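See the structures that follow.
Same chain, two partners: chain A is paired with chain B first, then with chain C.
Take a look at the complex of A and B:
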């Protein structure tokens, strides 16, 4: 009995894999569309003047960022948790009816929440805060979904067989706690229907509307404390959780250094939260906060590179796998992009560099080399690794996977190089003075000059989207037409056992 | 210690939480009260301006336009005096933005007119050749949500003591009072009065007719808001 391998139950993981792919397509398609809207403004009305209110750049931009962050990425995090969690804790979801129920409930609430979020953003309901645009009823739904996830995490931990928590679990716990804290405090708002007029009228106006609990500079400070660390706890921490599990499993290599993982985990936890101030350099928040944000951003290179180097050195002596396996390629390039964007970020956080970079497309480029090259690659790699084990079928096409890798890599490179040039060009033009000390360029000069870069960026995004469709097709064919395979037949040289 | 923590999830979680939480406390709390104090000359938004501000948010104008002038010569030359913390005391939410696809709007009321905005919102390219900003024709027909703006005024007055119907100090030593209605009907009347002043400077006949009928199109509220940014 004791020696029989555990049968893990992937019901909930499968559900979230589906939404990862669907919402990835939605979010990235909108992203490509709005990228081209900037290059070719005629596209704002391409679906007709009547629909332009819902298809123009300004209405779609929050929809793009939220769909990829709260749709694609969060789904990916949940999908991998419901896969990895069971395996590293050596306990099956099937062992607890309660946890299974909570997992399914979490999924269906999530689907309802996503639908409500999409509709409300389309209609223009927004608190305007970046990545926290949702109005208060959706915020409450998000909190409930998040608490349910917490129940899943700690419930599964509670009934675990493996007493020691693996590194990935540290990161999932941190992601859970970090997002909970940040989201709650940043979304403190008062629904306006609570007010009564002196004449005694109450519930006046739109019941969905609310006002922020904080005003002006304080609101900005809380928002970027949230905004920066939402990036930390959505785009970094859970993705590291994934790579710590999937890279050793796929390559059959043990993690290079336990001490390094310890150092980078606690270092990341300690340092990250201080860095939010770098979004507010030269703003009206006190100087010492700006300086702290700047300094801690630079220090952040240490724990970030600690994780990335740990991953790359895990491949020590096995580099031929990078050439042989497209799946390893995704993960190794993912870690490389992680190193790259965690160096780029601190550079942008240096005050004198930020003076040029802030408000420009260089920032947009920075976000995207992180999310496309690191988050996107890692989530797709995770799903590629999970599919044969979850669906008990071999990956449909390895060559399609390899083609996808190169197309998407080209897409990412076009994206960030064009945005670098665009950002630095515009930043320099804004500040240029002529010999008499007058501004050298009017604002529109600094916009029209960006046209070619906006077009190239659109093409880069399109390539990435094409690759994502190849990914979706490959997974779909794996589910329906892949050769049936048992897990024991798959390459599983991992020192971590099951 | 770390090995022990890895076997005790509760204490592990507590450890992580403490490690991530205290940075926020140290960064946000010390300056909180001071940053909430308005500078002299800053007054709360009127009902119509607030309705316009909500139109601005509804259409994510803040996705492309900042409202934060940094203390550089290039910025003060282009946009006016650099931003002061207290100028944002009544901004809930703040609208600094993070990207300048279009120019900063912090003090746009100082150098653009109602007429300019009207033409520009209808067809940006006609006013600024080469502009990549979309047109917003629906703002000329959609009605501004005065009820919600009024509810917002009541909320900030009741929950955050924003000084409506109270004298607010101005830069020249005088005081001004921003009025807030006692009822929904009164709020509408106040907003309409303001809207008439804006519409008088506009050309669009449909908008003028609507205001004459007692309706307030979104564009009128938005322009009232933009004109208030100084």
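Take a look at the complex of A and C:
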């Protein structure tokens, strides 16, 4: 054993690959179910009136968003970190018992944290802050898990052989620091048990229910500084880390311009943090903050497209690979969807556009072309690339992967086109009025009109979910039935069975 | 000088500072390669392309220690 050559150790990466797939199935299944609940409200009580408390839209919606963001996406981020981190720093987890222990501890605490989050949200324990619904004991657990990840990142960097940090490592560090800062400030909360009522009564609250330490407009500002930057540091930054590693690696092409990757990195870091105000246009937030949010959102196109164009140009002269490999297809379309949603977002953040778009389904469509087309595609592509290398087997089926790609692409297109139409229809109907200023429509009129689009959205989501099951099956078969591969086959292009 | 005037100057100089910093950083990225000690950032792509544990690092930590 002493004489065995040193190898990368993917134990922790494999553990997080498993939770990526499982929590992806959970989060997306709930998403599809609640999409159909919106189209067909009878589904809210489909399991009986007695269970309606647990199956209605409002109880399940945070479970959907949190399961895909903090389950599927974060697992994917952790899984790829424990793979990419070792490789670009040229150091194995097997070289440090401490880091291996920390990595495993992080995984098991994460599993406990996820279980606690799922159970508490199902039972209705919620802070009612969007994307920050977890109550304070779970928040504390998340902080511990996050600190352990930091120990892994900086521990691995500390024992590295490669002196410079590859661009992906910068992005992972930014994700770590960004989320740490946002999470701590937005989740400052006090259990209501510790509060005193205006009449002087104390101990009338609940240990498991808390209120934010900020009030009113300040709370809204902190919430959307958090909310929008959660998009930045979960759905953008670490996903760029992935594509900067996996696309060059799988295609065998050097990054088109490494300098541009550095410039875009610092640009993104500087600009993103100021854009959150666009969630609060026409609210009680000071006007200059709203304007600043709009302007920084528009400027954000530059660093975003800097990364996305850099990735597309990496394929320069090698476009036949896009036709030949479904794995490259996922990444190229992911990068394209990234360009698309980072153009759509700034457009929605312009005040006059926001006057129509705000609170409508167009926003929901925007989020989903980003997360389904960019985040989901990139994480699945990363896991496909990793599978032959961590399991030492070729990908079970290339044709299944290609079929999955087209089914999911159709799903995403149905999703965002239906939400575009629904959103703009909604926005226009809400603001329509007659010559005397009376509203032309009541709310139920919009609901009736939107029904077909809600049904189409449900179908789009269902197609994506079907594709995700195909992905899970393909990875499972790769683990168990794929042809064993030699080290020499794993240089760039991932080996795939027919 | 009232607060609005101070804000105006602060805004102007901050904008100037950021614009100059941006172009200075771009200049730095390109200039580095031409220096004798400089690095060609484009070589850093090889950190992903040649990432087997037994391949030679683009710039080794141990080289640095030996100096």
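One rule holds in what follows: the second predicted complex is superposed on the first by the 472 of 498 C-alpha atoms of A that agree within 3 Å, B and C clash if a C-alpha of one lies under 4 Å from a C-alpha of the other, contacts with A are read in each partner's own complex, and residues count from 1 in each chain.
Here is the rule we use: a residue touches a chain if its C-beta (ideal position, glycine included) is under 8 Å from a C-beta of that chain, and two chains touch if they have at least 3 such contacts.
Since the structure is predicted, the reported quantities are computational estimates derived from the model, not experimental observations.
> Should chain B and chain C be called a clash or a fit once both complexes are overlaid on chain A?
On the superposed model, which is not a single observed complex, chain B and chain C fit side by side.
> Which partner does A:164 reach: the first (chain B), the second (chain C), both, or neither?
After superposition on chain A, A:164 lies in contact with both partners, chain B and chain C.
> Should A:244 be classified as contacting the first partner (chain B), the second (chain C), both, or neither?
Second partner only, chain C.
> Go through the superposed model and pick first if A:8 touches only chain B, second if only chain C, both, or neither.
second
> With the two structures laid over each other on chain A, which partner does A:252 touch: chain B (first), chain C (second), both, or neither?
Second partner only, chain C.
> Taking the superposition as given, does A:96 touch the first partner, chain B, the second, chain C, both, or neither?
Neither partner.
> Is A:262 touching the first partner chain B, the second partner chain C, both, or neither of them?
A:262: touches chain B and chain C.
> Looking at A:88 after the superposition, I want to know if it touches chain B, chain C, both of them or none. Which is it: first, second, both, neither?
Once the two structures are laid over each other on A, A:88 reaches chain C alone.
> Tell me which partner A:174 touches in the superposition: chain B (first), chain C (second), both or neither.
first
> Between chain B and chain C, pick out the one touching the greater number of residues of chain A.
B
> Chain B and chain C, closest CA-CA distance after overlay, in Å?
Least C-alpha distance: 7 Å.
> Pick out the shared contact residues on chain A: the ones touching chain B in one complex and chain C in the other.
Of chain A, residues 163-164, 262, 266 contact chain B in one complex and chain C in the other.
> Across the complex, what residues on chain B touch chain A?
For this pair, the touching residues of chain B are 2-3, 6-7, 9, 12-13, 16-17, 19-21, 23-24, 27-28, 31-32, 35-36, 54, 57-64, 66, 68, 70-75, 77-78, 83-103, 125, 128-138, 145, 147-152, 154-160, 181-184, 186-187.
> Could you list, by residue number, the parts of chain A that touch chain B in their complex?
Where chain A meets chain B, its residues are 37-38, 41, 44-45, 49, 52-53, 56-59, 61-62, 124-130, 154, 157, 163-165, 170, 173-174, 177-178, 181, 185, 190, 192-199, 201, 204-206, 209, 211-212, 214-223, 225, 262, 266, 269-270, 272-274, 276-277, 279, 282-286, 289, 292, 355, 358-361, 363-364, 430-433, 438-439, 443-444, 447-448.
> Which residues, counting only chain C, touch chain A once they are in their complex?
These residues of chain C touch chain A: 22, 25-26, 29-30, 39, 41-49, 51, 53-55, 57-64.
> Could you pull out which chain A residues touch chain C in their complex?
Listed in rising order, the residues of chain A that touch chain C are 5-8, 87-88, 90-92, 160-164, 166-168, 244-245, 248-249, 252, 254-255, 257-259, 262-263, 266-267, 492.
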